[in-house]
Amino acid sequence: MAKRKRKNRLSAKSHLPSGSMVYVGQDREQATQIKVIDYNDNQINEIYVNNIDELKTFAISETISWISVTGIQDSEKIEAICNVFDIHSLVQEDILNTQQRTKIEEFEQYLFVTFKNLYWDQEHACIDSEQISIILAKNCLISFQETDSELFTEIIKRLHTSMGNIRNRKSDYLLYKILDTAVDQYFILIDKIGDMVEDIEDETMHKPQAGTSQKIQSIKKELMLLSKHILPMREALNKLDSGHQNLIEERSLKYFRDVYDHTYQAYDTIENNRNLLSDLMNMYFTTMSNRLNQVMKVLTIISTIFMPLSFITGVFGMNFKVFPAIDNPNGYFYFWIISALVTVSMLIYFKKKRWF
Amino acid sequence: MAKRKRKNRLSAKSHLPSGSMVYVGQDREQATQIKVIDYNDNQINEIYVNNIDELKTFAISETISWISVTGIQDSEKIEAICNVFDIHSLVQEDILNTQQRTKIEEFEQYLFVTFKNLYWDQEHACIDSEQISIILAKNCLISFQETDSELFTEIIKRLHTSMGNIRNRKSDYLLYKILDTAVDQYFILIDKIGDMVEDIEDETMHKPQAGTSQKIQSIKKELMLLSKHILPMREALNKLDSGHQNLIEERSLKYFRDVYDHTYQAYDTIENNRNLLSDLMNMYFTTMSNRLNQVMKVLTIISTIFMPLSFITGVFGMNFKVFPAIDNPNGYFYFWIISALVTVSMLIYFKKKRWF
Amino acid sequence: MAKRKRKNRLSAKSHLPSGSMVYVGQDREQATQIKVIDYNDNQINEIYVNNIDELKTFAISETISWISVTGIQDSEKIEAICNVFDIHSLVQEDILNTQQRTKIEEFEQYLFVTFKNLYWDQEHACIDSEQISIILAKNCLISFQETDSELFTEIIKRLHTSMGNIRNRKSDYLLYKILDTAVDQYFILIDKIGDMVEDIEDETMHKPQAGTSQKIQSIKKELMLLSKHILPMREALNKLDSGHQNLIEERSLKYFRDVYDHTYQAYDTIENNRNLLSDLMNMYFTTMSNRLNQVMKVLTIISTIFMPLSFITGVFGMNFKVFPAIDNPNGYFYFWIISALVTVSMLIYFKKKRWF
Amino acid sequence: MAKRKRKNRLSAKSHLPSGSMVYVGQDREQATQIKVIDYNDNQINEIYVNNIDELKTFAISETISWISVTGIQDSEKIEAICNVFDIHSLVQEDILNTQQRTKIEEFEQYLFVTFKNLYWDQEHACIDSEQISIILAKNCLISFQETDSELFTEIIKRLHTSMGNIRNRKSDYLLYKILDTAVDQYFILIDKIGDMVEDIEDETMHKPQAGTSQKIQSIKKELMLLSKHILPMREALNKLDSGHQNLIEERSLKYFRDVYDHTYQAYDTIENNRNLLSDLMNMYFTTMSNRLNQVMKVLTIISTIFMPLSFITGVFGMNFKVFPAIDNPNGYFYFWIISALVTVSMLIYFKKKRWF
Amino acid sequence: MAKRKRKNRLSAKSHLPSGSMVYVGQDREQATQIKVIDYNDNQINEIYVNNIDELKTFAISETISWISVTGIQDSEKIEAICNVFDIHSLVQEDILNTQQRTKIEEFEQYLFVTFKNLYWDQEHACIDSEQISIILAKNCLISFQETDSELFTEIIKRLHTSMGNIRNRKSDYLLYKILDTAVDQYFILIDKIGDMVEDIEDETMHKPQAGTSQKIQSIKKELMLLSKHILPMREALNKLDSGHQNLIEERSLKYFRDVYDHTYQAYDTIENNRNLLSDLMNMYFTTMSNRLNQVMKVLTIISTIFMPLSFITGVFGMNFKVFPAIDNPNGYFYFWIISALVTVSMLIYFKKKRWF
């Protein structure tokens, strides 16, 4: 498993005057782009917006307006967009800081949601993440994403084809759809890692190698990363369910509850896999320890047989002037008999001790 | 223990447009079959229904109607059945997705229960599971099961023979009966695994082998599986107890509480067995380590005795021209005396160190 | 420690039609026997009852009636007794199933308490348990025990001698007395096991053997058993304290609180002992590992000294035609000098490395 | 660390009729002694009381009366004192049983507090404890201690010199003062053990020995003892804070809160030290394992060099009639060259493997 | 990593009469210095105050007055300052005792906050801490710090340049600013330690050495220290959020919530790193164990090959008078064939066992 990119500095903003808006995250070459998907039951329009002031009209209109902002490195532009909708400065900071913990925060006029879109980074063979921030207002949803992720593509397609009941619902249902799709992504990753766990289980059980423990560790790390993002997601959804948010219709709550159930299930699966990996680590230790035992037994058997034999050859190799045994014409014959006896009795001893 | 079948993909639905009903689970060749057991205190009828629209009449009738649907792969048919009873689309998805976490969810007109029927898969020597979903409505209970499991057979038999007070109760008592029977199944599995734990305890204590640790691990895995299903069952039943569900009669709550107590006891037993297995794993390590100690002692004793002896034979095997000891007529005799002294003193040393 | 008797099957009832009363437990040869201790402040009578219908009169009388049933294998008789007092069928099942978890359950007319009487089984050298179920009604307490345990003997004696204020109190005080005595029994066991822990601590510290770890494990198992029974007892008593049970007088609550405090203390002591045992297990591992180190050092020292020496003897044992050293008349002398130098330098090396 | 005195039997009272007052604890030769410190803002008197009935007058007086009872083995006397103040029989039992868990219990007319005074037992080099029970009534505080501990000495001195505002406060402030002083004692012990932890850390890091792990264990045991007493103290103080005790003035609550904060801090420090000790134990294992590795390497290097060399000498020591190498006049010279080559190549191999 | 300075004695005050104000902490040579930053929207003044009585005027004025006290060793002076503002004696003690646990306490007229300013001690290569206590009153904030830390420098600079909206807010916003800056400092430390974790991960994975485990431990210790201070900070901020403090404006609560979120995130990161370090420790063990296996295999291979060979040379080195093999002219040739066969068969055996 390749080395993960060095994580962004949590303290990147620490030495800057607070209150000033700064982008905290990886260098990405994504220019900030604003697309508005304006729809209601009958019609749907997809418009690219350059002049930020135009956004105001979408906010007021009766149709549902999804203002999708891609690329958040241009902090001034983000600030400008936020100011159009009168977003609290702390929220603006949170949008720009891609190290946010997943959370849902209620404000008087809007709901602020920030979470991670997780996907598999084929190149580094690890999970990568991208922060998505959403502001849910009446008839309006503003999303901020770091790059042009695939997460939104499918939802936009479905908005066009009008499948499901997504078009004749309010903006809260759109939010549900986005969160639901994000959690579905988590399941893809959990399945991928589940496969890796099964493979490493095979390896540990049937052909453990020196590198096996490192592989177990790196899978464990990916699982830790997943649970790090899923756990706060679950908490946030739970709070949403209990609190009476005025921006979410009563009939939509069932849907958010459903996403909550999914995060619960995701977390359960992750926990199971983590326990499994711990057990595999133990197994690996046992196997190593068994092998050591095996090696030591071979050494001991060999030594125990040949040391007495060598002693006997040594005895008959001595040069004493007076040495009755040597002169015995059957000496050589007796020597082999003694040697055979020693060997056989040793082998019987080890057999009885079940050493082989 | 044979290898468990690869688990179903949690993410099977992830790339499909959501809201479309899809079966998520193992391929089973069970065709969807609808059987209605319609009963009250006096009479009981068992009818196989082909035309889904007929179900409506059962829903309205005053008698208790248990609509038992077997085989849920035909998602369209399931959807059609659900629509007869005006079931929420999220519930429909949950019925079709056999990866659900056990839960009890209250809706205005009905109660939705989904849980796992666990049984012992003799062929793969592991626990297998089948999802059962139940919709409890007034005078009506609809059950969805993957295959024609034995779980329902006994209950139906008892309905016929009218043993117990099951026939003169409402549909909530039927739900209790089903859950109670399912939890009884769990106890059978717990007992089975309890026996395996006792066997492996014997093995670990009296004749630990290289494969013992793997066996401990695989039993641990079955226990994890059990607790994974029992824990949410307990939670769900607890919620049922505290919440004031209007579909469950006051006098029936004691019965659900009883099932809850059973899940509690089941979980306790599982926890105890898990602790026991952890301790056995430790024991196994200790035994292995003791054996290594034993092997090393044998090696050390042999080496410590024969290395000096070999040195002595080496000395007398040297070819020095001037070598007084060799010429001594009693040299050979002295040699044996020295050898005996070395051996005996070594043995005394090890005896004192309690090495054997 | 001898092997515990195989535990009863939790699933014994699973295949039987539920609702039918079945005894679940060990085979005991105890015939069902009913004794009534009827007392008030002034008088006390001990009557053996054969006709179950007679019990009714005791239930109505103003005096406190303790109906003590010994032997619960005869499920029909138990059912008959329960029906006299109109006991819920679930409670009847619980009385007959000796695998119950300790619990206190409130019904409208009575309080149901079931717990384990624990005692030391001298023969198998382990803790044995017997289930005691109690129904507390107004002026009446019905107890069910498996065998004629000593638990009740002392209480009955005290009722006779009228020591303490037990005779001029209601039946709730009698319940307290029984629970208090049961918890006192737990302390006797905790003390017994505490002694075993101290002994094994001595053994681990000063003369650890191959069997030490098994002994630690088996003590741990007994502790687990104790905490398995004490924990739900504590929970039940706590619930009793918080809930406003109408069968327990206000002034008696202090007493139940006192028993609760005792279970708390018992659990603390058990936890401490469990931690101690874990530490001892670690200690045992360390000692074993230290010994291995010791053994390996002896082997290494011996090998490191005698291998070079043997090589030297080998050199002078060669049969080269041209071999100057051999012909040197002081060769033999030099040989011993070299050998001594090798030995001494090796010993200095090991001394410096602090190997001995 | 010397062996702790065998702990008192928890079950000492178990076989005695309950309700009878019995002293449970170590044999101490302290005779029961009653001292009354009677004070208000203006005056303070210290009186030794022999006649228990005299105590009644102090209870009624408007001045604050601290009735300090030292030595509680004379259970009859304790009972008599308690009866003067109409103390509940369960409290009387608790005072006499020195195995109590720290607790604060509210009664209608008084507050009962029992806790442990911990101090360092120089002789056995371990923490020793003494139980202190306090009854806080209006204008009156009765304390029971096992021996004439130093805990009270300083408080009495301060009462005399009237430092702080202790004299013009109610009896609840006196209770605070006692608890505060007791918790200060805990800090002295925590510091003492903290020093021991730092010493053992040094030892583990720089010169670990066979006995190091035992020392770590015994420090861990002292920490367990401390936390065993501090934890319930914290709970009790927390309950005091939340409950509205009528015996404690509103303005005094801040002070009890302060003691609570101290116990919290104490517990934190203990937890940190326990974590540290666990880590040290791990470290010790690693060091031992590293040493084993070191020893094994030495053995392997020696064996790997001298075994081939010995083989070569063996070859040239053979007595074949036809043996070309032996007859070669440079044979002896070649032998040394081969030997040197073998040795050097082995050394290079180990150097490359970084074995030394 | 250098040795941390011995920690201050927690019990320093224990033997002193309580209520007397004493400084508990390191010896620092900082003289007590009082600086007042008096500001409102329009103006800002920085005044050094020597006469403590002057402070009163600042407390009354309508402008926001930040009274920054540096150096708290002069306990009399601190007491004097506190008395000007009528601060509770317990708070005064807390200010002087630098061992305080982070907490926020509400009083009627003011809010008391105490926390640790953490920074990296370059010299000892460990985290050092300094206690900061803050009293927040209406229009007034009094801060006490041990040394002239950099924490306040930036905030004062921003007050002057009037960046952000800090100048037109109340004193509660100033408190937020201080806490926010302190938590930002924590992130710098977390990042620093995160780097250390990544380095040690590299070392453990690719070139583990004898000292690696000690390095892992010492990083773990720093993390423990961090979490020890962050955890109570989080708790305190959470309490602030839930309680309705009258000194903190409704609109400021969002800001404190933001700091709370940061502490949450900080704690998550620390936890992740701690888990990582545990895993690294395991990894290190495995690597060590693998190496031992490797070493033992080398030893066993060498022994297994050369012991039989040496035996063979021994056989042909014997001096029997009658010794057919010796006299065979091809004996020497046969010897080498046998030796080669033994060696090759051994190598094949080890190859098959995958020992190299």
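Remarks
Per-chain residue numbering starts at 1, and chain names A, B, C, D and E are given in the order in which the chains are listed.
The rule is simple: a contact is a pair of C-beta atoms (placed from the backbone, for glycine too) under 8 Å apart; a residue touches a chain by one contact, two chains touch by 3 or more.
Every value quoted in this text rests on a predicted model; they were computed, and no experiment measured them.
Common neighbours of chain A and chain B under the contact rule above are absent.
Any chain touching chain A that also touches chain E would appear here, but none does. Chain centres here are Cα averages; for chain B and chain D they lie 42 Å apart. With each centre defined as the average position of its C-alpha atoms, the distance from chain D to chain E rounds to 26 Å.
One inter-chain figure worth recording: chain A and chain C are separated by 42 Å, centre to centre, where each centre is the mean of the chain's CA atoms.
Counting partner chains per residue, chain B shows two or more touched chains at residues 285, 289, 292, 296, 299, 303, 307, 310, 314, 317-319, 323.
In the cyclic arrangement of chains, the order starting from chain B and heading towards chain C is B, C, D, E, A.
Within the complex, the chain C residues that touch chain D are 154, 158, 163-166, 177, 180-181, 184-185, 187-188, 190-191, 194, 198, 205, 254-255, 258, 261, 264-266, 268-269, 272, 275-276, 279, 282-283, 285-287, 289-290, 292-293, 296-297, 299-300, 303-304, 307-308, 310-311, 314-315, 317-324, 355.
On chain C, the positions that touch chain B within their shared complex are 6-7, 9-11, 13-14, 17-20, 88, 90, 99-101, 103, 210, 213-214, 217, 220-221, 224, 228, 281, 284-285, 288-289, 291-292, 295-296, 298-299, 302-303, 306-307, 309-310, 312-314, 316-319, 323, 326-332, 335.
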